[in-house]
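Presented sequentially are two complexes of subunit A, the first with subunit B as partner and the second with subunit C.
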Partner chain A sequence: MKTKTSVIPFGPQHPVLPEPLQLKLVMQDERVIEAIPAIGYVHRGLEKLAETKDMNQMIYVVERICGICSFMHALNYCHGIEEMMELQVPDRAKYLRVIWGEMHRTHSHLLWLGLLADSFGFESLFMQAWRARERVMDMMEATAGSRIMISTNIIGGLRRDIPADLQRQVLDMVDEVEREMKEMEQVFLKDYTVKHRLVGVGVLPKDIAYKIGAVGPVGRASGLAQDMRSLNYAAYKELDWETVVENDGDCYARTVVRVREVYQALDLIRQAFAKMPEGDIAVPVKGFPDGEVVTRIEQPRGECLYYLRANGTKNLSRVRVRTPTFANIPPLIHMLPGCQLADVPVIVLSIDPCISCTER
Partner chain B sequence: MLYNVTDITIEGVLHSAQDMEIQGYRFVTSSCVDNGETLDIYYHYDKDLVLKQYKLNVAKGITIPSISKVFFCAMLVENEIKDLFGVQFSNLVLDYGGKLLLSDGAPDAPMACGGQIIVIEKGKE
Partner chain C sequence: MLEMLHNIVKNFMKGPSTRLYPFAIRKPFADARGNLVGIDEETCIYCGMCQRKCPADAIVVDRATKTWTMNPYKCVVCGVCVEICPKKCMTMGESHRTSTKKMENVVQQKKAVEAPPAPPAQE
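Here is the complex of A and B:
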């Protein structure tokens, strides 16, 4: 008997999606047999602005590519310019970059954990995750003056230091978030209903994950030991950490990776404070860059690549950004066929999609 | 600086992609730069955190073979380059027809040289 197929548009507006993404789901009864992504709802042409904004102004433009990992975009961009200009960033600035970077990773993963809980209707867990996240946001505001767009990166280092009294407050926050995370972990990783929604859902095998370019927690949950922090930018070379890897490749494994990475990020903040030397936080910058560079860092969602081309003037001739969600859309297309319609929101959320990043 | 860059011709695009696949590289992305008369298209590959890049310099208006049959994930970035720079790719596995990022009525190839940024003040035509 010939089975009839139908197409269901999932998104661009959907309760589980914080940002607009559409998937055209080809369905056979309740089962997805194909998924075709459609993006373009929030394309802003930010790369084009490099033509009219000078290299210092572009820091604030790239920060606005994403509302969650803004610091990481500025960091990647500044790395690129610093490499082209052969600037030696002071050691203290390298450690401070780790601290703010890991604070961003912590709040991003807590935000995602809350959204995941919300996606399967676990409202109290959602609120607990976001309550813990608020502590990180408060510390971001205390240390940098803003909760998200902290704008501390400049070419050659940082514009702000974290004084001793605030360091104590940040470390108190780290202890508190870790305590709360341990409570939430019991639910996220051991609760029967949560596991029922995540285990064996949206499986991405390791070989396919590599072949279709999965990055970040999505790739690491499929067994790929791939973390751009291993490139030793900022002060990661001086810190003790290991790439978090899980092997099952399902939504549960992606959750485990992110839970473990919250602990890892908190530990890295502690280590960075313990080892951070005294000294300057920036070097003076003279002249303009010339040449080409590719830099990569590990954002909360995965590998982010910047290609920069400069021509010796104040304006860069090209700023190209490849964000992690852009790389994780092909893996998402692979995860969906075979799943039930009711699992689609959880699977889509499991890649932690950031569409404003993707479209720039 | 940009390391591990190999220049290729248009005939070498598919061959280099197949070579990378055989050697176990991962396709990271492509980057396109408009030089005015020509385009530079970089193909970035990664293996064990080491980047290898192929650079294609090609005159505008020439159709480039898509590598999406070798690396499916290249499909999105090739569609993006098609949208933003007006480059045509042959044998794209999923072709959005220049409408991946741009909507109807959007300017053609807005990232290409000559594309203007128009500032419209709020409340004014």
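Here is the complex of A and C:
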């Protein structure tokens, strides 16, 4: 007997969602047939502020697009203006950008791993992941002065350097987080109950991931070897790393990609400290940019695209941001049909949704 | 099973993972950006540079009355004003601003120069 369909609203307020995203789930019994997304709950009009804030003040506005990858937003924005003005950023600043960028990636992935554990009801694992994350946050505060909005990027380089004694502390933190990550990895990737909730859930095949434009760990878990760090911004060209790729395309593969990327980020921090030259951390900037530029960098959630248009004055005429979660909502809508209602929170979290980024 | 026993014993032996807040409070890191405390009224030249650079429009400088006003609820604690200040007269505190019952701006004004003492009356 065929049952009638019903619509269940998932969000915008839901225990598993850190931010307001609504999905209208068309259900048949316990099975999802279709998911219709609705966004627009946290739109703040930050792009519009470019008309009233000057280009240096905008750094602090774009940082506030996202609370997790604030450094990456500022980096992308500064990188775009530096390209427009043809500024040569000092080598030391490039390495420091890698270090802070990878610290952001580490804490973002640890936060996500904790939230994933929480979404399938593994509270103690959630606390372990966030405890490791707290070590990164402490080092962020020690090196940059603030836990989240570290505000170290400026056009032409950086505002702060990391002195030798703090470098040792950061490397100690890297060792400590790696040790804790190895313990957690045993549970995240090998525990029977965790695998039961993740393996084969929310599968996104490679061809569809490519067609609908999946980015970041979602795309890489489906076999798309795309990582914007290979575009060689900052000092990634000088460092030894390889794109992390998994081929299964399910929630488990997305977890594996992020776990491996935590190790990769910690390794990149070590390499960057080892190769970082002495010297200046910023170049003086004269005049205002003119023209337009598109820059792409790899945030923890995936590719972030900035389009900047300048007119030779202190105010930019257009700032447009395409964030990774915006690109990953179509893949999410593709993953949901056919799954059980109880798997919806895990699948939604598997794209690491950041709605503040998406709506700006 | 043995591994689990090892973990159980280890957890019994080691101390707590969290601090006993509020009895044990972690000291703020050196140079942490906690809150913008204010200016040194006597050193400040009231040039208005901090007002122009502030990304949050939190600072208002009145050159005529030599008054510096900061709205702590607008301030995003980026520290640009402290760095840009030509006289280096602004202070960034390491700890965060505590909650208050009343929303008030931080207002600082240069003290008026006292008039020279009156000459002694001649007889």
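Definition applied: the second predicted complex is superposed on the first by the 358 of 360 C-alpha atoms of A that agree within 3 Å, B and C clash if a C-alpha of one lies under 4 Å from a C-alpha of the other, contacts with A are read in each partner's own complex, and residues count from 1 in each chain.
Operating definition for what follows: a contact is a pair of C-beta atoms (placed from the backbone, for glycine too) under 8 Å apart; a residue touches a chain by one contact, two chains touch by 3 or more.
Model, not experiment: these values are computed from the prediction.
After overlaying the two complexes on the shared chain, residue contacts for A:359 are found with subunit B alone; subunit C is out of touch. Shared-chain residue A:151: touches subunit C; no touch with subunit B. In the superposed model, A:320 lies in contact with subunit B only, and not with subunit C.
Of the two partner chains placed by superposition, only subunit B is touched by A:231; subunit C is not. When the shared chain is aligned, subunit C comes close enough to touch A:131, but subunit B does not.
Taking subunit A as the reference, the larger set of touched residues comes from B, when subunit B and subunit C are compared.
With both structures placed on the common chain, the touch criterion links A:212 to subunit B but leaves subunit C unconnected. When the two complexes are overlaid on their common chain A, residue A:57 makes contact with subunit C while staying clear of subunit B. By the touch criterion defined above, A:39 reaches subunit B but does not reach subunit C.
Residues of subunit B touching subunit A in their complex: 1-2, 26-29, 31-33, 42, 44, 49, 51, 53, 71-73, 75-77, 94, 99-103, 110-111, 115, 117.
Taken together, the subunit A residues at the contact with subunit C in this complex read 53, 56-61, 64, 131, 138, 141-142, 145-146, 149, 151, 159. The residues of subunit A lying in touch with subunit B in their complex are 36, 39-40, 43, 45, 47-49, 51-52, 83-84, 210-213, 226, 228, 230-231, 291-294, 296, 303, 305, 307, 309, 317-318, 320, 322, 326-327, 329-330, 359. Across the complex, subunit C meets subunit A through its residues 17, 29-33, 53-56, 76-80, 83.
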